[in-house]
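Shared between the two complexes below is subunit A, which has subunit B as its partner in the first and subunit C in the second.
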Partner chain A sequence: MDVRAQISMVFHLDKCIGCHTCSVACKNIWTDRKGAEYQWWNNVETKPGTGYPGKWEDQEIYKGGWEREGAGSIQLKGAGKAKGLANIFHNPHLPSVEDYYEPFTYNYLNLIEAPPGDDQPTARPVSLITGKPIDVKMGPNWDDDLGGSPDYARNDPNLEALTPAEREAMFQLERMAFFYLPRICNHCLNPGCVASCPSGAIYKRGEDGIVLINQKVCRAWRMCVTACPYKKSYYNWHSGKSEKCLLCYPRLEAGHAPACMHSCVGRIRYLGVLLYDADRIQRAASAPDGEITRAHLDLILDPFDDQVIAAAQRNGVPDSTLKSAQNSPTYKFVKQWGMALPLHPEFRTLPMLFYVPPLLPVMASVTQTDGAQKERLNPIAKTWTDDWLYDTSTEELWGTIEQARFPLKYLASLFSGGDEKAVAQPLKKLMAVRIYRRWKTVGDIDESRVDEVLKDTGLSRDSAEAVYYLTALAKFQDRFVIPPAHREQALEMLEFTGDTRGSQGFGFLERPERGA
Partner chain B sequence: MALPYVAAILFLVGTIQRYRATGFKVSSLSSQFLEGRRLFWASVPFHFGILVVFAGHLVAFLVPSGILAWNSNPVRLLVLQITAWAFGLSVLVGLVGLLARRLTEPRVRMVTTPMDLVIEILLLVQTGLGLYIGYAHRWGSSWFAADLSPYLWSLVKLDPQITAVSAMPHVIQLHIVNAFVIFAIFPFTRLVHILVAPFHYLNRPYQRVIWNWDRAAIRSPKTAWSATRPRNN
Partner chain C sequence: MTDGRAYAAYTYNVERLVPWRTLTGRQHFYLDHELYLAYGEYLPTYKPSPRPEAYGDLRETLKSGEAMALNCLTPHGKWHIHSTYMENHRMLTLSRGCEPCWLSEADAAKLGIQDNDWVEVYNDHGVYCARAAVSSRIPRGVCIVYHVPERTVGIPKSQVRGNRRAGGHNSFTRIHLKPNYLCGGYGQFSYHFNYWGPIAPQRDTHVIVKKMTKVIF
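Right, the complex of A and B next:
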């Protein structure tokens, strides 16, 4: 057992309001530079939708992630030693700027400086690459809120799991729904970007598992962009270096939450330490298709287990980090309550960002398609004339989940590699906590039903209360349990102070700019 | 005839200085992100062509006797010459494509430095001369091995023998001079990415984990506070 610590994240999708404050906070700190304008290390997508870059989940296009070949061996789909070096002069799977969007700004000055004329002056969009006026065709949240649109929602790669009839049903005007999917780098346990980098510039930090690109070693072979199935490694066209989310490690080391999490309006984000067994990474990453989610979650160890603690201590995991792991909100969501799942585990990178799948559109079910229901359909308004269209009752315990407005298959395609049972479980738990709280606060539900619901999902009243607390009331310190960074060691790890004693400081002595 | 030595010194000192002073900027500076399709038809023929052509020159320089022995059979000579010429043509096609793309794609122009154009034009001239020489002054592989290889070796031995070269046609002399010019300005161009070609990728494990300090040792009371540079830096 090789116990290591990983800073992991949980995003509670039911709480995301799609405000993009996280994206803006990140952009203002890290990517408001030339060459990085198009990069959104944090972005928020509308699902169903195509996302950013367009259709990033379709690995037939982008060739990201790992592929299982035969018994237990995995290979990078579009990179790796043979493919990467053979394609080094031209990477056929590299997304181009059109796949993201051409960064633009507006010529605002024209509003003030335009000479007097017959027409109102306008602020034309200009490209941030060429400086010339362009027609904006795409943006980082171009499909924002377009939950039923033919260009975006219906081109969602996850719909492949559904039959055409199910797809049509999903996009009926009355059933149409969408939710938000905020994404950052997953800081994977089996990262494709690290494995694909010919220069060896990308690495995972042993102490906290943050995946970083050493800008001084990156030589723009740009294989990481292809190999990351989440398209969270970006090529800076100006500096000729790739860049990615660094989980705000300078903030983390100082005890602050990453900017996207700190600024989150819906308080959907949780951050904490998970302990995992590095010896089993390879086995988990190459598990058979149906077992990948389970193998992934099995890697995470119980921080209260004496053996785990002893092994962690042998490995040099500091006691303070162990304590953080025991208080970790992500451990509670992912392991203790089993309510959070990784995004697209079938890419086999073992992402360490987990999502509590969204329940909200499920609650209001419109499921009846029998004859009686059809008669009540107003043929012009396409609405039903009865009052249970938005069925928020708890009469049927789990029926509403199985007949959800988002078919379980769709959510399973996102969060469990197609395993519907795995994705139904967290939804049932979310529902159970709701039923429990309704019994407690409104009181129109039988106590016996509450106990039945909790028993069904394996929750107790205490844990339901704890879920409720962490979901609805949690304070800053509950949502972000950041292990102390041991600055006395951290300073040494960046620079050896003796080298620069008497000189003029640390860090970049050379401006990070493009070469000749 | 000091040019070869000026070129060699500029190449060596320039490269070391470039790497030490502005090592951050050593990058292949790929512009594929801004334009991909035309790059394929230019970059791939150029790179594969120049690898073969350069390797050919290198072999003729290093083992001239081997080349001469190979060329003792006219059929094999012809095969070698045609192959080399074909790859030279591929370089030319690629270079023309690269230059045209650089000049006509508005986005690629934004990341074009004057030095990019200088080196591209020098390479274009060099390739054009090489192809002309290959066609007009046969058989290059034989006379390179017989005459030019000794000349280059004499340069290496710091005892330049230029008689053979000065008797050659001007176009060949120009090819040689241009080659040294390219070597001389090499460190100041994007060509430096050749020196960081990632061969080490082949024998490293796929995943890289870097520990900022030795996890177990740091906890051991027996470890003294170290004044040495930590690992991985």
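Right, the complex of A and C next:
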């Protein structure tokens, strides 16, 4: 057992309001620079949608992540030694500027310098790359709130799991729904970017598992851009280096949450240490298709287990980090309660960012009627042209999850590699906590019913209360349990970073002076 | 921010027990003013929107070519307070670089409008030029322009209105006074700036939407 510590994240999607404050906080701190204008290390997508860069989930296009071969070993889909050499001068799978978007600003000067005329001037959009007027055709959040749904939402790669009728139902006005999916680098346990880099510039930090690109070693092969199936490594055309989310490690080392998490309005983000067994990474990453999610979650160890603690201590994990692991909100969501799942585990990079899947919209059962809806509503109300009845007053506790507006197949395609049971479980737990709270605060549900529901999902009253607390009431110190930095072990922290502003992901720039 | 807690509405009334500024000092759900009784709005009431003819926003405007009369709503935007922050570079980047006119998939198909095409939105009062955002979340017969676009940012000249610079959404809306708002002299129905007085529920209007023939800045 090779026990290591990883700073991991949980995003609670039921709480995300899609305000993009995280994106703006990240942009202002890290990517407000020449060559990085198009980069959004943190972005928020509307689902269903094609996201940013367009259709990033479709690995037939981008060849990201790993693929399992016949013998059960895994290979990078689009990068690696042989494939890298073959594409050395031209990599056909790289996303281009059209896939991201051409960054733009406006010719504001025209507002005060336009020649005299009989009409008010206006500031036209101009490209931030060429400076010339452009037609804005794409942006980092172009399909926001189902904008352009015929072209984007309807082409969401995850819809392939659905039948045409199920797809159509998702876009019927009275039945449709959407949710927001905020994304940052997953700081994976089996990162494709690290494996693909021909220069060895990308590394996973020992003490906390943050994946970084050494800006002095990067030679702009851009293999990481292809290899990352989440498209969270970006090429800076100005500096000629690749860049990515660094989980705000300078903030973490000072005890602050990353900017995206600190600024989160919906308080959807949690950060904490997970202990994992590095010996089992390869086996988990190459698990057969149906077993990948389970194998992934099995890597995470119990921080209260004496053997795990001893093994961690042998590996030099400080006691303060172990203590953080025991208080970790991510351990609670991911392991203790089993309510959070990785995004696209089938990419086999073992992402360490987990999502509590969305229960929204409010549960309703859908039944076919013969115009019964008209009779139920008053005569002036608008009635739908079809015969579907949306009933929110259901007595059925679990049936509704299978009949929710979001087909389970769709959520399973996102969060469990197609395993509907795996994605139903967290949803049932979310529902159980709601039923428990309803019994406690409103009291119109039978106590026996509540006990039955909790028993079905493996929650106790105490754990339901704890889920409620961490979901609805948690404060900064509950949501972000940041292990103290250990300066004596880390070299990066000894560096003065002020003189390398404008670059990031820097690693061991020089040896620190020690002793005589 | 007081004692680590952000300001919220009604804290004075709840914590310091200051009576609400109403006839009874309590919050009112039922409004017993004569005018409200007369209009049947003494309790929160659904009333269907008046027909386009009653609004009279399209008496003079000629519908020509592939165009369609739609009910236009101008709700509050997602990340701006009226016009504030709307034309901020970050937020323009995170939206579509403009405040588009949202159309339903069915209406857009009928008008031959594809997502991101330029459209003109006009009626008797004025014209707005924007790109179309075609979406399945918009009901048929309705279009939306979020409150409030800036005509200083990327608004072309209108082709249906003599090649003049188009306005914002305020150019095609107008103030419709709702009679209940004129009542006064009774408890909380007493004029107070920004609290009670004749305001303008102008966010419901009718427009003609058509694809722009030429885009001239």
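We take it that the second predicted complex is superposed on the first by the 452 of 516 C-alpha atoms of A that agree within 3 Å, B and C clash if a C-alpha of one lies under 4 Å from a C-alpha of the other, contacts with A are read in each partner's own complex, and residues count from 1 in each chain.
Please note the rule applied: a contact is a pair of C-beta atoms (placed from the backbone, for glycine too) under 8 Å apart; a residue touches a chain by one contact, two chains touch by 3 or more.
Everything numeric here is computed off the predicted structure, so don't read it as measured data.
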Next item on the list: Considering only touches as defined above, state whether A:Tyr436 meets subunit B (first), subunit C (second), both or neither.
Entry: neither
Margin query: Quick one: is A:Asp151 in contact with subunit B, with subunit C, with both, or with neither? Answer first, second, both or neither.
Written below: second
Margin query: Going by the contact rule set out at the top, does A:Lys216 touch subunit B (first), subunit C (second), both, or neither?
Written below: first
Notebook entry, point to check: On subunit A, which partner's contacts cover more residues, subunit B's or subunit C's?
Noted result: B
Next item on the list: Using the touch definition from the top, say if A:Tyr331 reaches subunit B (first), subunit C (second), both or neither.
Entry: neither
Margin query: Going by the contact definition given at the top, which residues of subunit A touch subunit B in one complex and subunit C in the other?
Written below: none
Checklist line | Contacting residues of subunit B [partner subunit A, same complex] | finding: 21-36, 39-40, 43-44, 46-48, 106-107, 109-111, 113, 115-116, 188-190, 192-193, 196, 198, 200-202, 204, 206-219, 227, 229-230, 232-233
Next item on the list: Name, in rising order, each residue of subunit A that touches subunit C in their complex.
Entry: 18-20, 23-24, 27-28, 103-106, 111, 119-125, 133, 136-137, 139-142, 144-151, 153, 171, 173, 176, 178, 380-381
Item checked: subunit B contact footprint on subunit A (complex, rising order) -> 80-81, 84-85, 88-92, 94-97, 129-132, 190-191, 194-195, 197-200, 202-207, 215-216, 218-222, 225, 235, 237-241, 313-318, 489-490, 492-493, 495-496, 498-499, 508, 510, 512-516
Notebook entry, point to check: Okay, in this complex, where on subunit C does subunit A touch?
Noted result: 46, 48, 78-79, 89-90, 92-98, 100, 102, 104-105, 108, 114-116, 133-137, 139-140, 151-157, 164-165, 217
